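Once you scroll down, you'll see the structures, which are given as structure tokens.
After this come two complexes, each holding chain A, first together with chain B and then together with chain C.
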Partner chain A sequence: MWCGWELPLSPEKPPLPCVLLAREQPTGSTASSGTNQISQQARKGKKSKFQKSSGYKFIFWLFDVPSIQELHPAYTTATMATATEPQFPPPKVLTYPASAPPILITQGAEGRLYKTTYQTADRPCALKYRPPKPYRHPILDARLTKARISSEAKVLEKCLREGVPVPAVYGMDPAAGWMAIEWIEGVPVRVGINKWLGERPDEDEEQKPVTAEDDAPLVDLMRRIGSAVGALHKTGVVHGDLTTSNMMLRPWKDTQQNGHAVEGDKAKILEGDVIIIDFGLATQSMSDEDRAVDLYVLERAFASTHPRAERLFEELLGAYGKTFKKGPTVLHKLEDVRMRGRKKSMLG
Partner chain B sequence: MMDLTKTPRRIALGLEGSANKLGIGVILHSGPSLSSSSATVLSNIRHTFVSPPGTGFLPKDTAAHHRSFFVRIAKQALAAADVSISEMDCICYTKGPGMGAPLTSVAVAARTLALLWDKPLVGVNHCVGHIEMGRAITGASHPVVLYVSGGNTQVIAYAEQRYRIFGEALDIAVGNCLDRFARTLKIPNDPAPGYNIEQLAKQGGRVLLDLPYTVKGMDCSFSGILTRADELAAMMEKGTGKGPDGEPFTPADLCFSLQETIFAMLVEITERAMAHVGSNQVLIVGGVGCNERLQEMMGAMAKDRGGSVYATDERFCIDNGIMIAHAGLLAYETGFRTPIEESTCTQRFRTDEVLVKWRK
Partner chain C sequence: MATLERIPLEHIPRTHRVYGALFKNVTNAPFLQTQLVSRNAEFEYAFIDASSVLSRFHLLAGVYTALNTLLDGTLRTPNVHSEVVSSLNINNNIADGYRRWGITPVKTKDLIVIKILTSPEPLSEEDEEKERQQVWAHLTEVIEGTPVPLTDEELATTTDWPKVRKYYKLNGVPVLDSLKDEAEKKKKMETLAVMGMALRGL
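== the complex of A and B ==
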């Protein structure tokens, strides 16, 4: 059921991508262009924020950066100086003539993220490319790349079908190592929260703690994150690397406030739908243990990324618990996971 | 307390016996301060307990080996170093992690020497010993460290006075996986099972057998791979094993496939850690670090990232006394001592528990 780009037979003919998981057009209109079964199934289901929202512009994404940095708070951005990055030739799929040249957005350990367009010049898309690893045996390398691309696409497709807000899959070629997905507008949640916290007057230990009322927009965002993670877990997907960098804050359109009152410019920082991204480490699992570990990773990451907002994590968990039936069980399990810690005591 | 960094020469004796190697070495640090001091290896003697093919080394037998060889090896090390006992500043021993019985036997010997010669004791973390020795030998300044041995598999980077563990094996260590597979194939343990697997793997390469590949983020697991490799070996014994090309596979094919798979996992988790800390240096330490195929794969990855790989040879990769002496002396220079009442040893001692006061 997955299909890739139809590559041109002659170089002057531009590549013709096949539509997969067609989505509503980014015009905000209710007219639907999606005719395939999957989107129809999705539309029959519960109406989610994901289906209500629209709009595709944007430019920021974090790809394949696991959360270890958050587990080791000592790694500040200062010590994370970037190594001199060599220039890479783009993957073959990006070498065909196009109106807009592809832009290399980021280079992770696993692969690279390009920004390009899909079908029309005004619809941006993200292309995840896993280049061959020179150190790996070619048979093993091909096997892993293929399995990882397919599994990530399968997880995304499953989320889409269930109405969980994730980027849509446009196309892929597991053998060639790439996958084209929807470009998500907005900024990472990490950036939004830091901006929000940064605009507050410096909060010394002695000063009075900020009251819950002051933080109402942040509390609201925490609840939205909790619901998004809950929705993800409900479908049987465990992300494996939940951090505030792996969630996007896609702004609401001015015309549709989703019932949220406008509280001046500052409150706007935290407005938007929470879209979870980067499923490179995701697995399909319904076990409470796996879900609890997923939450634990997020908790640790959150505490080290946003120590000043740590006390609001309870709000996230509260919203998570209400999202699905097994939520409270998972939260109970989370207490065990916290006691145990992620790391084993070292054996000989 | 006298400022030791002002004295021109500092000498330490290092005693290592956390696994089947008994290593004793003498190191000299010369120069006025910590930052500008240079390390010289005065002697580095090792004796390995080798068990028959098809068996591993048991704690009881290994401890007996260490006890019976300790005096002989210590005398050799002191004679080779050509230093008198009065010149010695401290006695460093492995506090852990490792096998209980061998650790205890060497710790008792270390206490005995300390009381006999009236020298201060310094308990050293075995993993930190490997890292510091690797840095001293290769000159790598701020590397991501892959520490791979029979008991440990860790990806480490330094930050804020600690060697932080970024990734590690969730079950058995990579060297343990290789050692146990060598037992399955009844490959000799002399000089080391991993070395013999490496030589056998050089004859393979015709086919790559399908083995599980278990990387979870920056952690990995080896027990499932070992189980599958053992199953394939049993099929080969019975003559029912067929490779992807339909031909029966050989022990060399198995060794080749095992190495290719597990080393690819190690290089992958190391690459992730490097991408994180923004380092393009990688240092391989520990017994498995001697493997030339692992060094070659790591080199290919590092080159791709515009960096380089640092590795040492068997003298410093495989457990040795000199690394304990070196790391112990570094700690001693910052004022660290292990009082005789606390000179215990422990099987569990995480790398990130050590406060690394000698680095900025």
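== the complex of A and C ==
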């Protein structure tokens, strides 16, 4: 059932376009029994039956409102810019003097990443900072921040002990919400692949088909990614947000080529060790389902960031399957996940 | 001639100064330990057994953690110097930390000394030099041993690797067993030790 709605408009509170999802309870069933029903059904994964038998109706509201400027001329672009200007106070730990000022690298939904130094000026480090959230109760906020920083650090330690390529943790203060980790040189894999694809002759022309040799460096990189993800899963860690942006390509040192032949300047773009970063959403799990979902997320992300290299994803999966014993089982599970999507449990 | 080093650290206010020195073949460890136990105010130093320390990076990670807790006002031991020693531990047992990384009457031969001094205002360079020489004069007077520079090379000669492996739970770690190169292995152990310290009590 679709309903239209009009919001009361005032200059103080600009309306935002939003979609609401609500659930109407059927008469004669109490809330608690209803929830039970959902969770039981959900565990069995009977998605289609559950809506019928529980008697729940889903109602969507869609609000589509014009932009703020259209509604109120007072909201000019200039005032909006000043209002949304990021005022990021650095964490307390970065307010003390250092050889170089910290650089804000990126900002995520939960935290910020700074490039700074640890101990000495010649040791760069990445400082991950989760600022306090004003919209949360302070006690809850402190607890969540602490738990999230700690769990990320624990996952990193586990990976490092098992030999998975991840950055090392130098120091942390979970209560203050920061963690200093090893700075990984190089570019994200996403940048490397796009640069590589960009430098190739345009594929639209279809003049000469891409030969296997042309792709060799990229295929090699895909295999290295597959092995890195396989090594990660082998230790019982599921990343939760695998994308080519969350992998770094650390160039090999000139002295050690790790047995890979140098193939000219162009191939150099894709050279390097694949280091997996950003374990903010990582969980510890040994289940094939979770691993398959992790791969599925990577597959979808890969297809949208590098559509031109999508056909090479098979190479990644092939290398993944060879990395550990349960690899083939996970790949089999991936087929199921592809058919139904990411969420099996229908919770959250 | 080795002397007391003023150790610069990143992200530390100018009002806090860190000094460090390394003494080899120390003969009066029992005396020094007694002074610490009796809380002699003149002996407010971090005395660290050099055999449990891997490198400067490892040592300074402990110093930085201790300074950070001092700045936060969350010291869990009597002062910042004992905090340095317990920061080198990978669990929250303070007595355990003193025993393993601190000075011990019988076993300690090589000794690292860390002194952290604070003042309400940053000192001028001359005052800093004066302060450094005062501390050094006191140290050379009370410690019977040979001062050597606090460098990675010197620290490498004093490290007791089996002990460090035990203290930092590095036995049977898959990544260390897979590494063949000895230098690479030591580097990895250093990383894992620092990581263990960072994750203390988690």
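Note that the second predicted complex is superposed on the first by the 252 of 348 C-alpha atoms of A that agree within 3 Å, B and C clash if a C-alpha of one lies under 4 Å from a C-alpha of the other, contacts with A are read in each partner's own complex, and residues count from 1 in each chain.
The rule we apply is simple: a residue touches a chain if its C-beta (ideal position, glycine included) is under 8 Å from a C-beta of that chain, and two chains touch if they have at least 3 such contacts.
The structure displayed is predicted, hence computed values, not measured ones.
**Q** Who does A:D173 touch here: chain B (first), chain C (second), both, or neither?
**A** second
**Q** Check the residue A:Y135 against both partner chains and state whether it touches chain B (first), chain C (second), both, or neither.
**A** first
**Q** Tell me the contact category for A:E157 with respect to chain B and chain C: first, second, both or neither.
**A** second
**Q** Classify the contacts of A:Q119 with the two partner chains as first (chain B alone), second (chain C alone), both, or neither.
**A** Touch partner of A:Q119: chain C, not chain B.
**Q** Just to be sure I read the superposition right, which of the two partners does A:K325 touch: chain B = first, chain C = second, or both, or neither?
**A** Touch status of A:K325: no partner.
**Q** Using the superposition described at the top, list the residues of chain A that contact chain B and also contact chain C.
**A** In the superposed arrangement, which is not itself an observed complex, chain A uses no residue for both chain B and chain C.
**Q** Quick check on the complex: what are the chain B residues that touch chain A?
**A** Residues in contact with chain A: 18-19, 97-100, 151-152, 159-160, 162, 164-168, 170, 208, 210, 213, 216-218, 260-261, 264, 267-268, 271-280, 296-298, 300-301, 303-307, 347-351.
**Q** Over in the complex, which chain A residues touch chain B? Could you list them?
**A** Against chain B, the touching part of chain A is residues 65-69, 72, 74-75, 79-86, 108-110, 133-137, 139-141, 143-144, 240-241, 281, 343-348.
**Q** Touching chain C in the complex: which residues of chain A?
**A** These residues of chain A touch chain C: 93-94, 96-99, 116-121, 123, 150, 153-154, 156-157, 160-163, 168-176, 180.
**Q** Touching chain A in the complex: which residues of chain C?
**A** Residues of chain C touching chain A: 8-14, 57, 60-61, 64-65, 68, 71-72, 74, 173-175, 178, 191-192, 194-199, 202.
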